[in-house]
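Chain IDs A, B and C follow the sequence of writing; residue 1 opens each chain.
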Amino acid sequence: MKKFSSTGLATSRRRRVLINRVAVQAALIGLSIFFLLPLIWMIVTSLKPIDETMTSPPRWIPSHFEWGNFPKAFAYNSEDLGYIPFLVYGKNTIFVTILAVIGSVISNSLVAYSFARIKWRGREVLFGLTLATMMVPGPVLMVPMYALFKEFGWIGTFRPLWVPTCFGSAFNIFLLRQFLRTIPIELSEAAKLDGASEWRTFVDVIIPLARPALVVIAVFTFLWAWNDFMGPLLYLTDQQTFTLSMGLQFFQSQHTGTPWNLLMAASLIVIVPVIIVFFFAQKVFIKGIATTGLKG
Amino acid sequence: MNTRREQLVGVLFALPWILGFTIFLAYPLVTSFYYSFTSFSVLRPPHWIGTSNYRELIKDDVFHQSLKNTLTYAAASVPLATVFAILLAMLLNTKAKGMAFYRTIFYIPSLVPMVALGVLWLWIFNGHYGLLNEGLGKVGLPTPPWLTDPAWTKWTLVLISVWGTGNAMVIYLAGLQDVPQSLYEAAEIDGAKAIGKTWHVTIPMISPVILFNVIMGLIGAMQTFALPYVMFPGGQPARSTYFFSMYLYDTAFQFQRMGYASAMGWVMFAITLSLTLIALKLSSKHVHYEGG
Amino acid sequence: MNTAVAQRLAALAIVTAGLFAWVGSERAASRQTGSQRVVVTYWEKWTGDEMQAMKHIVDSFNASQSRIEVRYLSISGIADKTLLATSGGNPPDLAGLWGDQVVQFADAGALAPLDDLASKAGLSESTYKPAYWNEMTYKGHLYAFPSSPGTSALYVNRALMPPEYNSAEKFPKTLSEFEKFISKVSKKNNSGGLETAAFMPRDGFGSGSWPYLFGGDFQNGNEIEVNSATDLKAWEWVHSFAKRFGVRETQSFRSGFGNYSSPQNPFLSGKLATMMDGPWFSNYIRLYNPKTDWFVVPFPYPDGHPELAGYTVLNLNTLMIPKGAKHKSEAFEFIRYVQRQDNMERLCTEQFCNSPLSKVSEKFLNTHPNKAIRVFDELARSPRARGPVQVGIWNQISQEMGNAVDLMDVGGVEPKVALDKAQERLEDEWSKYREQVLNQ
């Protein structure tokens, strides 16, 4: 009797787990369709002949697939320019993005550590000031910002696009500070009792624990630098130094129509690397390999 | 460690930002504050006019309307987007097959360029033949004119904001990694169910991250620009989607009144700052920090 | 630091150094060319085919002589960059901007007057069609030269015309005839909604300039006036379309229009039987729906006012030399090259525009890709051709008028009330502008 009921309990429990799992999968798949809509739509549009783009009511399946749109978008304007803009712009974008990501991860982790885990006079004031800088709308800073970069002799170079990121940014500092403050103080204290300096505590104890947050910062900086349009538009002065986000502008025109299929093909070429980067970056969020073993 | 040394080490760690702030931000911030007391047509040197810009703002109907639009949008979209992003992150934090793909897929809307997104949304929300109304019509629900009726347009943007929560979702996902497994086990021993665990363990443990996302969501909502700019040029119809940042941008660059735009910017700053301080005050009892 | 971390950092350093070398070498290579020539930087706002059309002119200019090299940089959204760079004392030698920006830049003293250079080069009032000359000059000075212009006329979809309207000759000439035409051609579908509208004044090019049709204006002498009796008549006429088909029905019908720059453009998809647009629209037809059978007519004029016939709205792309440009006379050499009849006609042909010059070759009119180019050329010569009014707050005026019509059409506000409100706001804007920019 006793044995019987205990198996019954186990089955009902297993059934509950199973129902849970099915519900989770169903939610994941349902939401995926929802979130994939823009991508599907971009892919479909990029493979349509021009006269089937933007139809109303929407047309989801093209009459035939125009695979040629991709090479056409890739080589857009290249005859007139004498080079393939996608390659040149891609190279410039990679350059700016890599420098921005490296600079951003190093500087923000140092600064956030100071704000989160070292007690010093003036810390709270500076942190408040840091937060406040984000609340001033960007357009009103553009004129003095331009004047500043001109003073430095940086107009027409990549420097306005990546050098400032190497000094930290308010958003990333705040984000990382919040994460570092969730790490128990006892861990630092234990390291210091063992004779570790502040630097060693930072490098050996805190950085490994903060890996998910550091990856988030790297991903955000990557995205920001990759997609930035206003910065390159204002500060670059030679078409050969343009970035991919500017390259997409060339598909939209004032009076000669927009080739939507080519625009979407080009947009896909630009975002696919970002999707791949994110796919690999999100692995640090998989439970168990990051931090949990060390904590609690 | 003695305090003197700790002071030095603290400043040294923060040095990049202290330098960056001084070199790249201090001058533009101070200058734009100065511009707000001038008439400055961008192309000509600024001319001091005292508090005239701020006094003009008090009487400016369009400013009031854009402020009202923006605050309404922020009040609706920030809480909605917060709840939605936490739920998505928790879903993505479960152990299910193919999670790497789901995580990437859920983030994709945040990667799509704005021109593509704008056009897509105009399609989906179109009152005439849009996907959304087609669906609503089939199940017998009302089919409002999402894009053309001033009473609806703001709510269209609120709905879209809920959908574009990828960044917040990723931050929550990273935050959930930091919740010690042992706490859940302890709660289970105490007989907590899933909802209880979420409420008593997960939410308090990620509360610093929630605070971060709420404040950033607030700042972001107050400065909303790109999507309404693409979807509703000029804030049409009847300025119902004319947000603060759009008015500010038009004033600065189309109307070339940089002084007046700067005054708007600093009023915006004051409003956002007050809202943030309120949020910090309200949350101070509920945000839980492990690291002192 | 442990060795693994050190190795990674070293690898990172190598990658970074490599990147610098890679991108740096490219820069050096691109800077080699044309070191002996005076470099004129030219910023333009076009993309796509329009950008290419001007690129061809730039290339042929650079090849035609060995003293000057024009460096052409063209991307949409460049107006903000030009504004900031000019303000920062770092302007291009040559800027391609819209005609209505001439006034803003000139008022701020940010443009170099070109009167002397022009008269030496033999470019004068008689070189241009009067309406364009008016837009190029401001307060007695010449500030800008046209690159490519436009005028508006009514495109008609022949397939939707009953026999009595199916050619330019038979099409209505006056507004009362046009009224009848609208009732006849507009069609409802089975469920009572609109299927085809004969015309919608708020779609197409120049939808903010209807007061000109009735002889109205946006200014009166030195004052802004948008609510005169004639203005009211014009906007009531615009609003009458929303009333005629029903406010909600019009709203719903117009929301069914696809993207302007697509096959679902309301004219190309047959939702609008006629639409006002510029000569460039034939390129949209060619791209998105080449089977469309169309013709073009001047817009009908108000009954009893034949003197008001020839209504058309101007669009003007201009070349200007910002103050502080380093190579003013070299930049002007290029302007002069563009103004040559053969070059101008080539540019306008490739950009699907009419010519701003008073002299137009038969070859241009015969080979232009828009088969109706003669209608546009004729309209461009009309004494009724008007562009933006020459006041520095034109942007505010257009935004305010758009809002006023929205208030009438969807907000249920009386036209008179909406116009008075706009008038009040614009008067304030204008007095601020006079006080702060013009120092009056």
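The definition used in the following text is that a residue touches a chain if its C-beta (ideal position, glycine included) is under 8 Å from a C-beta of that chain, and two chains touch if they have at least 3 such contacts.
Small disclaimer: the values here were computed from a predicted structure and weren't measured.
Colleague: Which label fits the chain touch graph of this model best, line, ring, star, complete or other?
Modeller: Shape of the chain contacts: complete, all pairs touching.
Colleague: A-C or A-B: which has the larger count of contacting C-beta pairs?
Modeller: A-B
Colleague: Where the centre means the average of the CA atoms, what chain is farthest from subunit A?
Modeller: C
Colleague: What is the distance in Å between the mean C-alpha positions of subunit A and subunit C?
Modeller: Comparing mean C-alpha positions, subunit C is 37 Å from subunit A.
Colleague: Calculate how many whole Å lie between the centre of subunit A and the centre of subunit B, each centre taken as the average of the chain's C-alpha atoms.
Modeller: 16
Colleague: By residue number and range, which residues of subunit A touch two or more other chains?
Modeller: Subunit A, residues with two or more chain partners: 54, 56, 142-143, 147, 252.
Colleague: If a residue has to touch 2 or more other chains to count, which residues of subunit B qualify?
Modeller: Those would be 42, 119, 126, 128-129, 253.
Colleague: Two or more other chains touching the same residue: where does that happen in subunit C?
Modeller: Only 80, 84, 87, 256, 259 qualify.
Colleague: Provide the residue numbers of subunit B that touch subunit A in the complex, in ascending order.
Modeller: 1, 6-7, 9-21, 23-25, 27-29, 31-32, 35-36, 42, 88, 91-113, 115-117, 119-120, 123-124, 126, 128-129, 131, 134, 163, 167, 170-171, 173-183, 205-206, 208-209, 211-212, 215-216, 219, 222-223, 244-245, 248-249, 252-253, 258, 261-262, 264-266, 268-269, 272-273, 276, 289-292
Colleague: For the complex, give me every residue of subunit A touching subunit C.
Modeller: Per the touch definition, subunit A meets subunit C at residues 50-56, 77, 80, 88, 91-92, 94-95, 98-99, 102, 142-143, 146-147, 150, 155, 158, 203, 229, 233-234, 237-242, 246, 249-260.
Colleague: So in the complex, the part of subunit C that touches subunit B is made up of which residues?
Modeller: Against subunit B, the touching part of subunit C is residues 79-80, 83-84, 86-87, 104-105, 107-110, 248, 251-256, 259, 392-393, 395-396, 399, 402-403, 406-407, 409-411, 425, 429, 432, 436-437.
Colleague: Give every residue of subunit C touching subunit A within the complex, in rising order.
Modeller: 1, 5, 12, 15-16, 19, 22-23, 26-27, 30, 41, 45-52, 55, 71, 73, 75-78, 80-81, 84-85, 87-90, 150, 256-259, 261-264, 269, 278, 280, 283-284, 287-289, 351-353
Colleague: Which of the residues in subunit A end up touching subunit B in this complex?
Modeller: Against subunit B, subunit A makes touches at 21, 24-25, 27-28, 31-32, 34-39, 41-42, 54, 56-58, 107, 110-111, 113-123, 126, 129-145, 147-148, 164, 166-168, 171, 173-175, 178-185, 188, 192, 198, 202, 212-213, 215-216, 219-220, 223, 227, 245, 248, 252, 263-264, 267, 270-271, 274-275, 278-279, 282-287, 290-292, 295-296.
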